[in-house]
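Letters A, B, C, D and E mark the chains as written, and numbering starts fresh at 1 in each.
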Amino acid sequence: MNKPLSDGAGSDISTWQAFCATLKRDLVIAFKRKNDLLNPIMFFLIVVSLFPLGISPDPVELSKVSAGVVWVSALLASMLSLDNLYRADYEDGSLEQLLLSPQPLYFLVLAKNIAHWLISGLPVVVLSPLLAYMLYLPSEAYWTLVLTLMIGTPVLSLFGSIGVALTVGLGSRGLILAVIVLPLSTPVLIIGAKAVTDVMFGLPVGSHFALLGAILALALTMAPLASAAALRISVN
Amino acid sequence: MHTNLHNPDSGFSSLLQASALFCERDERVLFSGLDLTVSAGELVQIKGSNGSGKTTLLRILCGLNEDYEGDILWKGESLSEERENFLSSMIYIGHRVGVNRILTPRENLRWSASLHAPIDDNRIVAALGRLGLRAYEDIPCRNLSAGQTQRVALSRLLISPACLWILDEPFTTLDVHGVKHLESLLSEHVNAGGAVILTTHHALNVSCQWRALDLDSRRAAA
Amino acid sequence: MWLWFSKLGSPRWFYELSNKWLPWLYVAMMVLMSVGLLWALLFVPEDYQQGQTIRIMYVHVPVASISLACFPLMAVAGTITLVWKMKLADMVAKSVAPIGAWFTGLALASGAIWGDQIWGTWWAWDARLTSLLIQFFLFIGVIALRSAIESQDAAAKACAILAIVGAINVPIIKYSVEWWNTLHQPASDFSMDPVAPNPPEVWVPLLIMISAVYVFFVIALILRTRNEILQRERRSQWVIDLVSREKSV
Amino acid sequence: MNKPLSDGAGSDISTWQAFCATLKRDLVIAFKRKNDLLNPIMFFLIVVSLFPLGISPDPVELSKVSAGVVWVSALLASMLSLDNLYRADYEDGSLEQLLLSPQPLYFLVLAKNIAHWLISGLPVVVLSPLLAYMLYLPSEAYWTLVLTLMIGTPVLSLFGSIGVALTVGLGSRGLILAVIVLPLSTPVLIIGAKAVTDVMFGLPVGSHFALLGAILALALTMAPLASAAALRISVN
Amino acid sequence: MHTNLHNPDSGFSSLLQASALFCERDERVLFSGLDLTVSAGELVQIKGSNGSGKTTLLRILCGLNEDYEGDILWKGESLSEERENFLSSMIYIGHRVGVNRILTPRENLRWSASLHAPIDDNRIVAALGRLGLRAYEDIPCRNLSAGQTQRVALSRLLISPACLWILDEPFTTLDVHGVKHLESLLSEHVNAGGAVILTTHHALNVSCQWRALDLDSRRAAA
């Protein structure tokens, strides 16, 4: 058998390679399933269109609530797809393999979170101007909406990941997740929706963006650590 | 780079050393005061009836389960300090084998490899071929039979540089040829200076140094 | 120092120490509670604006202030659990969660009753109310997580993580909500800070009530923790001795 | 071995017993998990409170959208818990056992759907007046809201079951469900929310109730058949 | 009611009769022109290497898989017409054993029984006891080991009135005693006039009439 039997530790290069391989793997899985790619968009579209149906088709009414509705839908779309993040890996044992990798778990978890955002968050961001149009959002607020979603949706993925990681070993699905993840996402939702509304009233929004950015930075550095710790516990 | 497993510098021929392990689940003591040393160049079979704690022991040894008391040393150092070194020279295949059902065998192996050290595609194809999966490299694993899925998992052993293999019932769902083949793989690895810890209910037939640890008789003696 | 620390972590030590504390705490609570309640209900003058409803304050403010203290307490206990793996800290964390949920619920309810009288509605999407509501959800989340995970150790660590993440989050929520609200609904017809302009007849009994409820909280926490200790250590020798002693008495 | 080796078919009594046993089993599972019971309520509460956060805390604004928000939240709560309906049974093989029962599948599926409604729909109905209050729904519309939810939520469970049954064999979770189930539930949502809004304007709502009732009757008779057929295909 | 399995009225000693079965998956023909008759009082072992189509065949025979060509008769009548009769006298345990992880063994069995005909609790406890699960009746199945879970599934055989057992690798994860015990259960059932179709890679050791159908050699012959 001519294979090198190593007993050394991983280097920086191999950490980077493991990061890329994990990111690519999750994207490939999503592409193969196809549904995973289409569904966040469809879900987002449907929820947003439920509102005119459930509330009132009146443009004036709708334009007042449109920022909130788009943001709430983005949050729900991101949350619904969270279940895919670790569940399948837990069930087929891939998660154990991930935990037993010599590479720092922080980066592997981060890779999975980024993949999740690319699949569920980014399409929502791209699609949001269309929905804003459908809900009669004043056009001067489009850019703010897109930008807040761009900063806010990664936070949803990162925080959501903690919730899934904590519950992945449990029997029940979906709902416990919601109970844990939603409170964590509230600030992002409030700030994001507020920024859009403020722009509609011609108010300055710099501080909102600063705050969102700060939350994103916090989430990027801390959330994967919390997720990693939670995964170790869940697999135990 | 072809490192010798008997690392002359370290001076330790024992790779993994567990002492005074104690574990209970649901208030049933599974084992207590269990000592186990695994050295390079030997295979240890953990025996025991259903529910005697074999899986639990393996998961404790590889660090997935932390609900235990006792010490585990890797090459003489505490496992928690040597974690990274330990993980890069150990491979574990459990009851749930870690094969994604949507990806193909090739993609599954590529990812598994990258978690330790990426390798090129030819080695992956060769490993799958050796386990009888030629022509199945690019079929999604959900379309494979139970035994074929097990073989995908086992081909990780061929591409991994790890010197310690920890295998939980690796013979499950393998056909007669598969069993023979795996047995020869195990012998080869051990004779090349590797170490194996495994559980199985089947009568092992390997041509290397091996011994068994029987959890049932330990308990009976206690 | 280290010795003291590990001793503090010993459930048995805590159990025996709390044995000595409890009677004093009971007495303190009785005295404070009766003085505070009598004073608040009978002797505090009616408010010129709020009338008799001012008396709800003597329940609402203490309860609300404790409910805010519970989450940080749980997070601190969680941190100790994760870092020093101290068993007692987790027992405390586990005991705080339901108490915190109850107090938060009571604060919500007492505020709602009061609000119904004063604002004419039990609920408004006001900053404090909203952030307290979300904190209530977080408590429920922690309790649900605890009950969902079977392994005690795993549950301890998982809840610790959630408590810490939640504790970082609660101030962020509070801040963001507050600032979201001030624009849409300026704090107008009610002031949350009426202590200063009020005479001592009003705030002295309030202070007494706050201390009474704090003592009550400490007693509840100790009792729950003791329960938890007995539950978890039921197979250790000292608990077996204790139980047999109680039985023989 | 002294057990009767039967080769006869099931009688009506044993169908009834199988129905009850299945209903009881699903309820027992939910009770054991505890979360399953608490979570729909919590989720409903949280989603309902997301809207004021995203939109505006202004009572006038909120009272206009309240009926729609409660209905959309009820729909989402029911949908999120749908995943529990067949997924675990599929994965552990219990679903195969269900399909291989000699009892008519219609009744077994119906039992599972009723259990799902009792766990996820009924609490929402019971809780809805409180949420309506928090969202400033005019009090004359409370009864209409409760009644429409009472008729509407079972429909959501029954239709939702078809969606889960169709997708239970697929790898991806959550979202495909939303994409299939939401469009099926839209009519119920529209009628329910419309009835509540009409009451607020003092309009008659008899025809809405008649329509909802008709949909429920249709769903009760047809949906379990469709679910049963879908399950057979998924397990294939 | 203790019906005789060799139902004298029907005049059929063959229970399940499959003829000219053809099945392909992923454009690979698994079997074609396959004939198989299973009569009361015999055990048929389906053999074959991994991926040869054993699981697929069993799922076709019990009606879970309908992607095939050919005819299957139950007691001489077409399976699709006799479906209800067939289902009430057949029991299938597959790779995924159908044990809910949240419920206890007792609750799992109670529900399984109720799908056919409810039975009383003593029989359930007795069945679990016979499979070595005494004292585990009321522990959630997620806390059981792999082999114990398998035993929960197998105890369904003891409480079921079915005369035809279809078992896909029932020996998986069973320990040595478990294997012996199951073999004696199988013999008992067959000798009492029942029928068994099973797959296993293990050398079967039963004391009843049995024969094997080897999917590999069939293919080699074709």
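Rule of thumb we're sticking to: a contact is a pair of C-beta atoms (placed from the backbone, for glycine too) under 8 Å apart; a residue touches a chain by one contact, two chains touch by 3 or more.
Predicted, not measured: the structure shown is a model, and the values here were computed from it.
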item: Reference chain D; chain at largest CA-centroid distance; value: B
item: Centroid-based (C-alpha) most distant chain relative to chain A; value: E
item: Length of the line joining the C-alpha centres of chain D and chain E, rounded to whole Å; value: 35
item: Between chain A and chain C, centroid-to-centroid distance (C-alpha), Å; value: 33
item: Chain B and chain D: spacing of chain centres that average the CA atoms, whole Å; value: 45
item: Where chain B touches two or more other chains at once, by residue number; value: 66-67, 95, 101-102
item: Residue numbers of chain A (touch at least two other chains); value: 33, 88, 91, 170-172, 176, 179, 182-183, 186, 190, 236
item: Multi-partner residues of chain C (each touching 2 or more other chains); value: 134, 137, 140-141, 144, 148, 151, 153-154, 177, 180
item: Residue ranges of chain A in contact with chain C within the complex; value: 159, 162, 166-167, 169-170, 172, 176, 179-180, 182-184, 186-187, 190-191, 194, 198, 203, 211, 215, 218, 222, 226, 229-230, 233-234, 236
item: Touch list for chain E against partner chain B, complex; value: 25-26, 48-52, 54-55, 95, 132, 139, 143-148, 150-151, 169, 172-179, 201-202
item: For the chain D and chain A complex, residues of the former touching the latter; value: 33, 35-36, 38-40, 42-43, 46-47, 50-51, 53-56, 61, 64-65, 67-69, 71-72, 75-76, 80-81, 83-84, 87-88, 91, 170-176, 178-179, 182-183, 186, 189-190, 193, 197
item: Of chain A, residues touching chain B in the complex; value: 1-10, 14, 17-18, 20-22, 25, 28-29, 32-33, 88-89, 91-94, 96-103, 108, 235-236
item: Residue numbers on chain E that touch chain D, as the complex places them; value: 1-3, 5, 7, 62-67, 84-85, 87-92, 94-103, 107, 110-112, 114-118, 140, 158-159, 161-163, 188-189, 192-194
